[in-house]
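Here come two complexes built around subunit A, the first alongside subunit B, the second alongside subunit C.
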Partner chain A sequence: METYNVDLNTLVNSNVDLISGRAFGEKEAEKFHIMDHVNNNEKIVIYIDDQKVKAINDSFIKGFFSDVFKILKTKERVQQIFEVEGNDYFIRLFHKNWTILEALYGSSTNPSAIS
Partner chain B sequence: MKYLVIQKKDSKAVRVSKKRFNHKAKRKNKAYKNSDGYLNKIKKGKYYALRKKSIVFTEDIERFCNTNYNLTSRATRLVVKLNDDFTLFNNPAQVLLSLLNLLKHGKVLSQNPKVTYDGYVSFGAIYLIDNLCWEIGKKRKWVVDFHKFPPEQVSILSKLRSIVSSHVEDENEYMINERVLINRSEDPTSNQAYKVKAKDITDMVEKAIRESSSDSSYQLPLEIHHAIKSAIGEQFDNIHLHATETSYGTLCGFYNKITQEITILIYNFGKTIAETLSSPDTLPKEILNEILDILRNHSAKKILNFTSAGEFTLENAVTLLALQEGISSRIKYDITRGHGLIDFIENCFDLSEDTKVAIISGKTAIKIDKKYRISNKNIFGRDRRIIALNSDNDLYKKPDPNYIRNTGVNFNGVIIETTIPLKIN
Partner chain C sequence: MKLCMVVLLILAQLANRKAESSNSLSSSDIIAFSAAVISLFSLFFTYYSVYLSKELEIKYKKFESLGIETIQKLLSSIDKVFEENPDDLVITQLQAITENLVDIELFLIQFTNIYSKLEITKISNLKDLFSDELYNNNQVEIKRMKVNYLVFRTKLLTDLYDFAILDDIGLWNRLKRIVNVS
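Moving on, here comes the complex of A and B:
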């Protein structure tokens, strides 16, 4: 299995240490060609340096993983492909949002708000 | 123009009379800037000389004033008392009414208002008032009479000047204030100014703690970064996505070095939360039916009064429903929408259970503290994080009237004040 690295540290700079925004998350997922790598069954490692990135908002994670969960449906399958390398706090944050996304997409084949 | 010449031999009384005459002659043909060219001949009160042209505020503030004009006081002198109760969290109606009256007084300028200190100054309330009332100060001399204020409070208030972007620091507090442009570029990766300000605010808190603890290497824990930036980021994301006609959001971060509390106040004009959610064709049929079912239940149980003066109105109910997980006007296009507010509330309470959040939109004021917590409930077809503001956390039951209120004052936008005690040793 090939490995593809997603470096979220590139999304911040000396004036900004927050990664935020749903639309931003969706656009970044496109920019990193996340769905292509998921479809190619590659391992994706997300790198976060807590000296550079101080906060990631939940909305960004939901935007970033929205298309991924449409295909993979469950948190378990997402965890088989995605790995988060960083502070435990960020790992817990990604897992919390994956659980929410699983509740939205996992139990339904019909992408409606009410399953 | 003829002037009387003052001569050496003139007595003091004659000199004064001549001077007075000359001044009068000089003033006679002067064009008065704010008077609309009209001199009021009736001598009455301090401002008898000029009948000033009424101030016209910005469109949003004018709308706020005009919508609520019937609520304003007719008293000639306005007195605002600052105490424990005068906060956006405890008594938003009083704060908004005072703001309204100050704006009206600023327009007609019958007498300068008086602000008296009665034990406590709530930063969020005074900031909101100061921010909007600078619209008066920009256009005419407007003096507020501060009465019985302790020196440290005078120092804070004198530095507020919230109409301009500012960064204030002294021995008691830190404040960062910014009117943030909402970047509506097609490219979402283009930078949003609020992200820079969010870093400035956490840097300010970190610096204050380094100074107070004499630990130059202190770093703010990620939990604190996350709570503060979630409060800012999720709200600006909401302005970006939902208040599509709004160009600016106002952000202020205030850190009290003594109590180690951070207050974040964000407000914007535009659609109210209930207006956004009630717009036609925004909600999927299934969600709409569930919401209507709750509203019918409220109506049948006489929880809801469908008049605007009722204790718990339709607008109050819709605003409360908008807080719940997965309820969003954009849900039709993306089922992951509708998590921002509940995520931010949860993050702040995860950090400190003494967090206080006040949400004001339209005539609705919601306050959230540790009394009613978020919990998971199976509702609208799945498990969701719910905050119903009653002891059973049940959306079908009446919420606590102390926690969701009909203020009677219609604020055409959204105000969110978050106060987080950081409890850093």
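Moving on, here comes the complex of A and C:
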């Protein structure tokens, strides 16, 4: 299985050390061709350096992974493909948001949950 | 079942009296019978209303203790951030606040397994709006975002209380059930 690296540190600079926005997340997922790598069954590793990235808004994570969950549906399948390399806080944040996305897009979807 | 038996008993007595007198029912018999039927309906309605109000009370307490108290507990962590660090810049507390907001959303998502009619998307949007405000104002002092937080907090709790009163477990549905039965 090939590995593709997604370096989220490239999304910040000396002026902006936060990552935020659902639309920005969607745009970055397109820019990194995330769905192509998912379809090619590649392993995707997301790198976050907490010295560079101070915080990530969960809206960004939702935008970044919304298409992924539409296809893969479950957190388990996403975890087989994606890996987060960062401190415990960021790993926890991604995993919690994956649980939320699974509920929104997964097989156990609550019909009222998606508008 | 008991009510049916009482009604049958009254009808049997009236039939018996009719047979004994071999005359048609008098007007006083009809009035007495009508009064008995109305009383029985009133008794049934009262009993059913008490039953429904008790059911509603228990369901509301369940919703309050499972949902609203948990949300208030999660919100208290954010309250603490605002109270203890009023002069810090928002950016210094963003991780803590973000994590607590995600916990609130995560809890509510799981909560919809019990209360499936809860509009999680509406609440998620409310949370995202507040969260975006914080990220957009990350260089201001926390105390300057307190009003935004209070608005978010109030709207969130209002949505949950509205749901409790008006929707799934709500009074309105119980009233409709009473009307349907009567």
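Methods note: the second predicted complex is superposed on the first by the 107 of 115 C-alpha atoms of A that agree within 3 Å, B and C clash if a C-alpha of one lies under 4 Å from a C-alpha of the other, contacts with A are read in each partner's own complex, and residues count from 1 in each chain.
We take it that a contact is a pair of C-beta atoms (placed from the backbone, for glycine too) under 8 Å apart; a residue touches a chain by one contact, two chains touch by 3 or more.
Keep in mind that what you see is a predicted model, and the values were worked out from it rather than measured.
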Mind working out whether A:66 is in touch with subunit B, subunit C, both or neither, as first, second, both or neither? first
Between subunit B (first) and subunit C (second), which, if any, makes contact with A:22: first, second, both or neither? both
So, does A:54 touch the first partner subunit B, the second partner subunit C, both, or neither? both
Which partner, subunit B or subunit C, is in contact with more residues of subunit A? B
Have a look at where A:91 lands relative to subunit B and subunit C in the superposition and call it first, second, both or neither. neither
What is the contact status of A:99 with respect to subunit B (first) and subunit C (second): first, second, both, or neither? second
Once the structures are superposed on A, label A:45 by its partner contacts, choosing first (subunit B), second (subunit C), both or neither. neither
Could you say whether A:35 touches subunit B, subunit C, both of them, or neither, answering first, second, both or neither? neither
On subunit A, what residues does subunit B touch that subunit C touches as well? 17-18, 20-22, 54-59, 89, 93, 100, 103-104, 111-115
In their shared complex, at which residues does subunit A touch subunit B? 15-18, 20-24, 26-28, 31, 50, 54-59, 62-63, 66, 87, 89-90, 93, 100-101, 103-105, 107, 111-115
Complex contacts: residues of subunit A adjacent to subunit C: 17-18, 20-22, 54-59, 89, 92-93, 96-97, 99-100, 103-104, 110-115
Name, in rising order, each residue of subunit B that touches subunit A in their complex. 187-189, 191-192, 195-196, 198-199, 202, 220, 222-223, 225-226, 228-230, 232-234, 236-237, 240-241, 284, 286-287, 290, 326, 331, 334-337, 339-340, 343, 347, 380-383
Subunit A touches which residues of subunit C in the complex? 91, 94-95, 98-99, 101-103, 105-106, 109-110, 112-113, 116-121, 128, 131-132, 135-136, 138
